[in-house]
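Here the structure comes first, spelled out in structure tokens, and everything after it is commentary.
Think of it as A, B and C in the order they're written, each chain with its own count starting at 1.
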Amino acid sequence: MSDSFPLVYEVTLDAFSGPLDLLLHLIEQEELDIHEIAIAKVTDQYLKLLQDSLGQHLDVASDFIVMAATLLAIKARSLLPRSIDAFDEHLEDAYDEDDLVVSATELKERLLEYRLIKQVTELLQQHEGEHNDSVGRLPIPLTPYRELLQVHDHLADVDLSRMFQALATALQRVAIEYNVDVVRDRETIPQRMRKIESQLRHAPRTLVSLLKSPSRREIVTVFLAVLELIKLNRIICKQEERFGDIWIELQNK
Amino acid sequence: MDRTSEQVTTVQTTMAGPFHEHLLPYLEGLLFAAGTEGLTDRQIARVFDVSLDDVEPICLHLLAQQKAQGRIFEVRRIADAWQLITLPELFPYLQSLALAPPPSALSQAALETLAIIAYKQPITRLDIENIRGVKSERAIGTLMSRGLICEAGRAQGPGRPFLYETTRDVLDHFGLASMDELQRLFEQSLNQE
Amino acid sequence: MDRTSEQVTTVQTTMAGPFHEHLLPYLEGLLFAAGTEGLTDRQIARVFDVSLDDVEPICLHLLAQQKAQGRIFEVRRIADAWQLITLPELFPYLQSLALAPPPSALSQAALETLAIIAYKQPITRLDIENIRGVKSERAIGTLMSRGLICEAGRAQGPGRPFLYETTRDVLDHFGLASMDELQRLFEQSLNQE
């Protein structure tokens, strides 16, 4: 496996997001199992690579140097005879304070955890790539539909008698010519209701277009006929925007 | 257009009964209108007067129909809302008409940091740095400014450092259905070992 | 869904040859993504590399297919652009959707986008994205669908992108008389920092 060294030389620190990433790379390159590895085995490669890169990357290298210290400490400890375990513990305590050095077991645990993070990172990157290649569509504003419905809300406390009152007041204020035709045109409200329904058979119409002439009687007749038809659920009134035309259409049964 | 794969037929066997079939065009129409805002299970159940449990099978039924008809946009669940989005095959055409949004891929460092926060949240910067083995201030800054993570109170202990957690915008960024799906990515990776 | 009327068959006789059939899903996808801006004859001709004269027959071919499949949105030419619009049958469902309460409070992203639009209006999506540094399509969508912002004409320049501004309701909500007043308040709050 030592003839894979030239490969290692081509690697720069830039390619790794950190020392754990680099260490993982070295382990994977040697096809070692994290659970089994003797950390000492990859230490030499790690140090060699770090040395080569130090010249150009002093700023990013500090984290990599911390890891180098860790690896050296672990290697040194692995060379000590087992009988001085007590000394080993002592050594660990001494280093624990500045978090520089961890035990080989702890380093393996960190590597395993980091490997998991790396795998998930790759999955996230895949999802990100696919999702970036997709687009949705801007929603259609629902407010116009809401506005229509709000008519009910606006009129919640308005009953018919108040409508009549309002009409009366409006008619008093707006001077409308009394049309003599009206006298002749003694149309009843039921008659007018039938007429309106037939007018609406083909297409919705605006309220204004139902008026033949702006006579007071005509307005009152149409108005009452429309109200009656609404009450009987025969027609629907819609207003697309505030102060816009009132559209009337037949209620579909 | 041959996207009527086996996958579709398996979807169809688990779908809602044919009595919902007449709803599909209307469902697609509402999803069309809702656009990137999407529709939640609750909204769909309410509008069509079906039970909450019926919503997913109905949406999958629509998906199967869309695949069978070779539609180039499909219903997907993203961030707990069903929405219509285009398939990657359309992307080159979108680009040529300048309809594709500017790419917004995160750096490797930011992705890694996000994965750690998703796994361990809430977590302090120091703990993130311990896992990554590198300083992560900048990556955290990027993720914060993109609204993918947020502060979630402070940890006990010296200096009472900030804790970070992911936001729901993560689901939108990666096109994930739900927080559960995000968690499943970890399980998937753990099971690989 | 039985909208395969005679009208459709007459459309089909005038349509483009079957050699364009494979384009139809892509055309529909592009129209889907183009939203209310639609696509002009010229854009469609360019992206599919067909002649200008071919565009209308191809669009009508798509229309016939949509009708045959019972789609509830269809391609239509409005002014000088082709776009997908929903059919009147969807109206009651849209109403019932509009009546349902919005599924959630505004996300941070949406709130931010709203603040930027309020401050800089009228403003294009690209300018919003430049300020926020992230894709803002979805946030704009949320704000649109909730009636908090609206389109306010188009900007000069390439693609003539839509401009967005806050709606009257937003001003009302904050008890403000005009956009100027809102912008002045923003100005003030920024200067205080």
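What we mean here is this: a contact is a pair of C-beta atoms (placed from the backbone, for glycine too) under 8 Å apart; a residue touches a chain by one contact, two chains touch by 3 or more.
Values in this document were obtained by computation on a predicted structure and should not be read as measured data.
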{"item": "Most remote chain, CA-based centroid, reference being chain A", "value": "C"}
{"item": "Middle chain, criterion being Cα centroid separation", "value": "A"}
{"item": "Distance between chain centroids, defined by C-alpha means - chain A, chain B (Å)", "value": "8"}
{"item": "Distance between chain centroids, defined by C-alpha means - chain A, chain C (Å)", "value": "17"}
{"item": "Chain B and chain C, separation of their C-alpha mean positions in angstrom", "value": "22"}
{"item": "Overlap residues in chain B, where contacts from two or more other chains coincide", "value": "32-37, 84, 86-87, 94, 99, 101, 104"}
{"item": "Sequence positions of chain A contacting 2 or more other chains", "value": "135-140, 142"}
{"item": "Chain B-facing residues of chain A, complex", "value": "17-21, 63, 66-67, 99, 110, 113-114, 116-121, 123-125, 127-140, 142"}
{"item": "Complex contact set, residues of chain C against chain A", "value": "32-33, 35-36, 86, 91, 94-95, 97-99, 137-138, 140-142, 144-147, 150, 167"}
{"item": "Complex interface listing, chain A residues touching chain C", "value": "135-143, 145-146, 148-149"}
{"item": "Chain B residues touching chain A - in the complex, by the definition given at the top", "value": "32-37, 83-88, 91, 94, 99-101, 103-106, 108-109, 111-112, 114-116, 118-119, 130-135, 173-176, 185-186, 188-190, 192"}
{"item": "Contact set on chain B toward chain C in their complex", "value": "1, 22, 25-26, 28-30, 32-37, 39-40, 42-43, 46-47, 69-73, 81, 84, 86-87, 89-90, 93-94, 96-99, 101-102, 104, 145-147, 150, 167-169, 172"}
